[in-house]
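Each of the next two complexes has chain A plus one other chain: chain B in the first, chain C in the second.
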Partner chain A sequence: MTTQTIATSDRIEKAQPGWVKLLDMSDRALAVLLLTPAAVLLTLIIVYPVLRLGYTSFFSLSLTSGLPAEFVGFENYQLMFTDPVFWETTWNTVLITLITVPGALIVGMALALLANLPFGVQWPVRLSLLIPWALPLSFAGLIFAWFFHSEYGVVNDVLARFGIEGVIWFNSPNLAFAAICLTIIWKTSSFMALIILAGLQTIPRSLYEAADVDGAGRIRQFFEITLPLLKPAIVVALIFRTITALQTFDIPYMMTGGGPGTSTSTLAMYIHQNTVSFLDLGYGSALAVVMFALSMCVTAVYLRIIRTKE
Partner chain B sequence: MNIKPIVGALLSATVLGISAPAFADTELKVYISSQHQPQVWRKVLDQFEAANPGTKVTIETGGNTSEAQAQYLNTIMSAKDSSLDVLILDVIRPAQFAAAGWTSPFAGKDMSVYLPAYAEANTVDGKVVALPAFADSMFLYYRKDLLEKHGVQPPKTWDELKAAVKKINGAENNPDLQGLSFQGKAIEGAVCTFLLPYWSQGKNLVDNGKLTFDKDAAVKSLKLWKSFVDEGVSKKNIAEVATDDTRKEFQAGNVVFAVNWSYAWAQSQSKDSAVAGKVGVTRLPAVTGGESATCLGGWEWGVSSYSKNQDAAKKLVEYLSSKDASKYMAANGSLLPTYASLYQDEDVLKAAPWFADAKQVVETAKPRPVTPRYNEVSEVIRTTVNAVLAGVTTPEDGAAQIEARLRRILR
Partner chain C sequence: MASVSLRKLEKSYGALRIVKGIDLEIQDGEFVVFVGPSGCGKSTTLRMVAGLESISDGEIRIGERVVNKLAPRERDIAMVFQDYALYPHKTVRENMGFSLKVRGVSMKDAEGRINEAAEMLGIAHLLERRPGQLSGGQRQRVAMGRAIVRRPQVFLFDEPLSNLDAKLRGQVRTEIKRLHQQIGTTIIYVTHDQVEAMTLADRIVILKGGDIEQVGTPDEVYNKPQSVFVGGFVGSPAMNFAKAKVQNGALAFANGDRLPLSSLASAKQGLADGRDVIVGIRPEHFVTHADPAMTLAAKIQVVEPLGSDTLVHFAIGGEMLTARMPPEMRPEVGSELRLGLDPTKVHLFDAVTERAIA
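Up next is the complex of A and B:
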């Protein structure tokens, strides 16, 4: 048995010069062959549209004008600087990101730690983690729009039971904004929890046992073992969550439609409004390019963080 | 295993599949707004199918507001999608659809058979771009029983309405009874909300495509609506109320006065309505010293220029826009007719007696600005109305914002 193995590996080593090169070549060819469909698909559905978007952003192209597209250089981008709604919606988007990403991280972490406890029956815990994540965003938005409704909503009903007078959530920019952020945190923390839970389960129990022996308390164990080993999982979760937060659309669209006025409108909603409602494809494309650049910047920062960690 | 039967079955299926289109009917798909009773329109389509054997018509609905429907159609049409043959369009949209080249014109169509406002709304640059589906305008709905009980006449001015509400609410002492319901949510209806008292002061928003904005009249209009909220005539969350919310609240018996379109009538008289037989409809109040003004509504039938069945689709639209169809929808769906004579028709008046006086109101109704960029005009006005009613913006700032933003759109 042993001799046979040695013999086989010997033969491979002997054959290596000619063989491996050939195998290598065909491997490469095979790889190219296998990757081509994916590359073509990506080019068609991502690369081409993104390039086309950048191209359109330099044109005055509005389907309501009845005029053909006209090259205008950076005019659409200049227009943005003097457009108060652009600044308002961008600010709202940044604020939503700054509030809901850490919010979802903290809640998600707590949920993951809870779900990682040795429950007798695991599935109800896991299922309740999955449900908010599996719910379509617009459904969540609609459900919470009803929750926060001033007359029929459950939130004001609960407040009333505690003797607190209900408020008209969607009448005030701050309250409407708070309601939206709460909903987003509820909706997205389960995604955070799922990724963190996966990370938690890769941490060997033996580390905690050793720490117990050394006399480290629970809190010390969390900060010295759990948190450092969870970092890769957390960074991955943060990247995904931050990019989707920058693209926030469904929940505010369903809950407030951007109101009162435009006070809870996001950049994605403004892009949608300009392209789908106003049919101003030139300006809408320029706005979308800005959002694309914003997402790329954030991703670059995170990738940097990962690399320095490694 | 004997595969012959399988092959045979497959072959015959293929043959059938190939030959089927040869005998197939012309299939037309009609997009109808869900709030305009597609189930009643279905009956009209059935009549068309019976008269035109070989043509099959299916309905597609979606979205529950004019804006949601416009967004959907914008997506479909800008993708040059041929799946829809006939589209129902809000009266404010033919100009935009014509500019984008999305509807096929009706060459040589005589529009003089319709009410003049609709002949005009569907003619863009001398071309007939769509045909009228039904007429509409905003009316004041009121609780006949409550007004009679408290000896109140239907109000002629908004101030009289306020006084009437205070009298009735004071005597009824019912915290669930709201004085006036109107549209404060940032939807198309809120554009009319703004324009009603604005027009009532004798001012116009646009003249010959040029903005003729009167800031004082705008401030006065926004202040009037805000005062209804502040004085408890309307409820505090009016900024959440859309057109169909007004209809539902009124139908549930929780509202004395409501601003709404004609469609609310049929449902207010239905079996499950708390106010059947207790509803009066009259023209909208004026501002004190002004004239009563109302918003021209109504929807139009257009043929998609991407439809592969142009002739059949046009034939269907001619039918849907015919006097017979108009009469059927008036009697069965309380949609106002687009033919003058139907306002005196016995069958129609049996179903909706107040239609007798409605013609005059529709004829004097004012159209919202006609421009291909109407969606932008609408967005400016409705979000500002919404912000003022929510107390986020003052009427003065709101009017200034409307003016500044409309100037950019209607250069």
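Up next is the complex of A and C:
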């Protein structure tokens, strides 16, 4: 009986057309088949450009010189060490990251806690959170450039109403830097708030009720329940925000153009200047590789933190 | 330990009255179970006692204190939640010790209380684990442990067994009963499961539509249901109900069967002729041998052998009834039997008010 059954199933297998065999492929083969389109796409739009960037960074390639590309090894990287503008823009980038990421986290957290209150009508609160996030960065830069304008800006107007003399924000490196940081915090805190709000909504209400019964007040509940349970959401928000902070370009570009001098210029702006304005693709690529490495390092640190928590 | 007193307790959301003026005195050390179907107001009442819901009217006293306006933390109560509400990022030890830490209990005292409660509940080996690493039953015990270490005046349980499977539910139910016998603290326990209510309670409060339908010991609510609702709610399988009319000193059923009122308990005699009543008979109160006058013609529809008993479903007129019979009894489906009744266990309810006829 058994032999007969096997023989029958053998016959069925032989009679199967090709497309039926395709349906019977192993999980591994199916996974490869399904992932291939995405892998090819990622290779084309991410892996290849990054590799090409690294390759170009080893060449002297300036489109304005009219000379052919010449392999120079690590010369472009060596040049960075002696380039004061590289150090200044890198420092500005790091400083913007160090100020605006925690700033956006604090403001975003406050906004998320506010939005999580049981308002009768939720949509205006959610909408007001979404608007700054949905606004293009360059628009935000333009709007705040007007806010901080020395003559008809709203900030100086408000200061004047309190009897404080207005300042020329974009003439002073420190004030210009402060204005840029404030703008970035305004623009990005809503993104932080949205991620934190999503995290807040996953915390069961019964935990707060249990804490109420246990005797914990609101502040204690925040530090003992809300904050620890928000950690995963906060880390995700910090990863995204830090990476984009390291790539800061639009807002300082629209508000100050990097000035006065290069005091508010960022690494991304310096890369743009070298590649697009000066057409020095070799040095620009080397700078971009450094920024890419910086982003990867920060991401690796965050991922390590997440893994340790797990 | 403390008594709990609810006086004219009300809860409304706008025009919607969820709890409609409940009056209840719970004695010090008593185990009281609120039971009723979904939406009857049992959980809302418990949450008002806890202080997690504001009250619309009335008064709540815990001991001698009116606690209407006190926050939960000021009421000296502990609560076990339906989803346990354990802090997922804290270990079992931290979960159990949190309320003690908040209240400034010394580390040494707190450790002592945690270890004592953990021993009592058999979770001492789990103290360093997080809730995510525990099974449902273990989480349930931790939730109870968290309540016990507080040594509150009143324990509140909000459907604590509803997330457990049937076997574990029975096991934990016994543990809760044992726990109450050990610590003797007043307990208010909410459930929709009448078996939990019957097995755990000193007194059962049966709620319906925001009102108390009956308060009594498990024996009282089982043996003397004051309404059709209580009769149908308590007991499994549920009490059978059949419409009948009082005619010439007997109960006349739709199928023509008659039960003489004189054979029923004395209080049920003397009913006016023509009065419509609902006759309530528990499945376990049908008997195989009875006075021929106390039998009903039963056309067998379904037979369910359970091993320990046999459930026999039959029709009287248009109404389906169930009898719990001895296991060896296996009547043929479609056959007609005369099933006897224990005359002392027949309940009569008014057909209009559905209240028991005393």
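Note that the second predicted complex is superposed on the first by the 284 of 310 C-alpha atoms of A that agree within 3 Å, B and C clash if a C-alpha of one lies under 4 Å from a C-alpha of the other, contacts with A are read in each partner's own complex, and residues count from 1 in each chain.
The rule is short, and it goes like this: a contact is a pair of C-beta atoms (placed from the backbone, for glycine too) under 8 Å apart; a residue touches a chain by one contact, two chains touch by 3 or more.
Just so you know, these numbers come straight off a predicted model, no measurement behind them.
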Fit or clash between chain C and chain B when superposed on chain A: fit
Partner chain(s) touched by A:V47 [first = chain B, second = chain C, both, neither]: neither
Which of chain B and chain C A:G215 touches, first, second, both or neither: second
If touched residues of chain A are counted for chain B and for chain C, the larger one: B
Touching partner for A:L229 - first (chain B), second (chain C), both, neither: second
First, second, both or neither for A:L63, with chain B first and chain C second: first
First, second, both or neither for A:T262, with chain B first and chain C second: first
Which of chain B and chain C A:I168 touches, first, second, both or neither: first
Superposed arrangement (fit on chain A Cα atoms) - minimum chain B/chain C Cα distance in Å: 52
Contact residues common to both interfaces of chain A (with chain B and with chain C): none
Residues of chain A defined as touching chain B within the complex: 63-66, 149-151, 168, 170-173, 257-263, 273, 276-279
Chain C-facing residues of chain A, complex: 204, 206-207, 209-217, 220, 224-225, 228-229
Footprint of chain A on chain B - complex, ascending: 67, 70-71, 74-75, 78, 96, 99-101, 185-186, 236-237, 239-240, 372-373, 375-376, 379, 383-384, 386-387, 389-393
Chain A-touching residues of chain C, taken from the complex the two chains share: 50-52, 71-73, 77-79, 81-83, 85-89, 98-99, 102-103, 146, 150
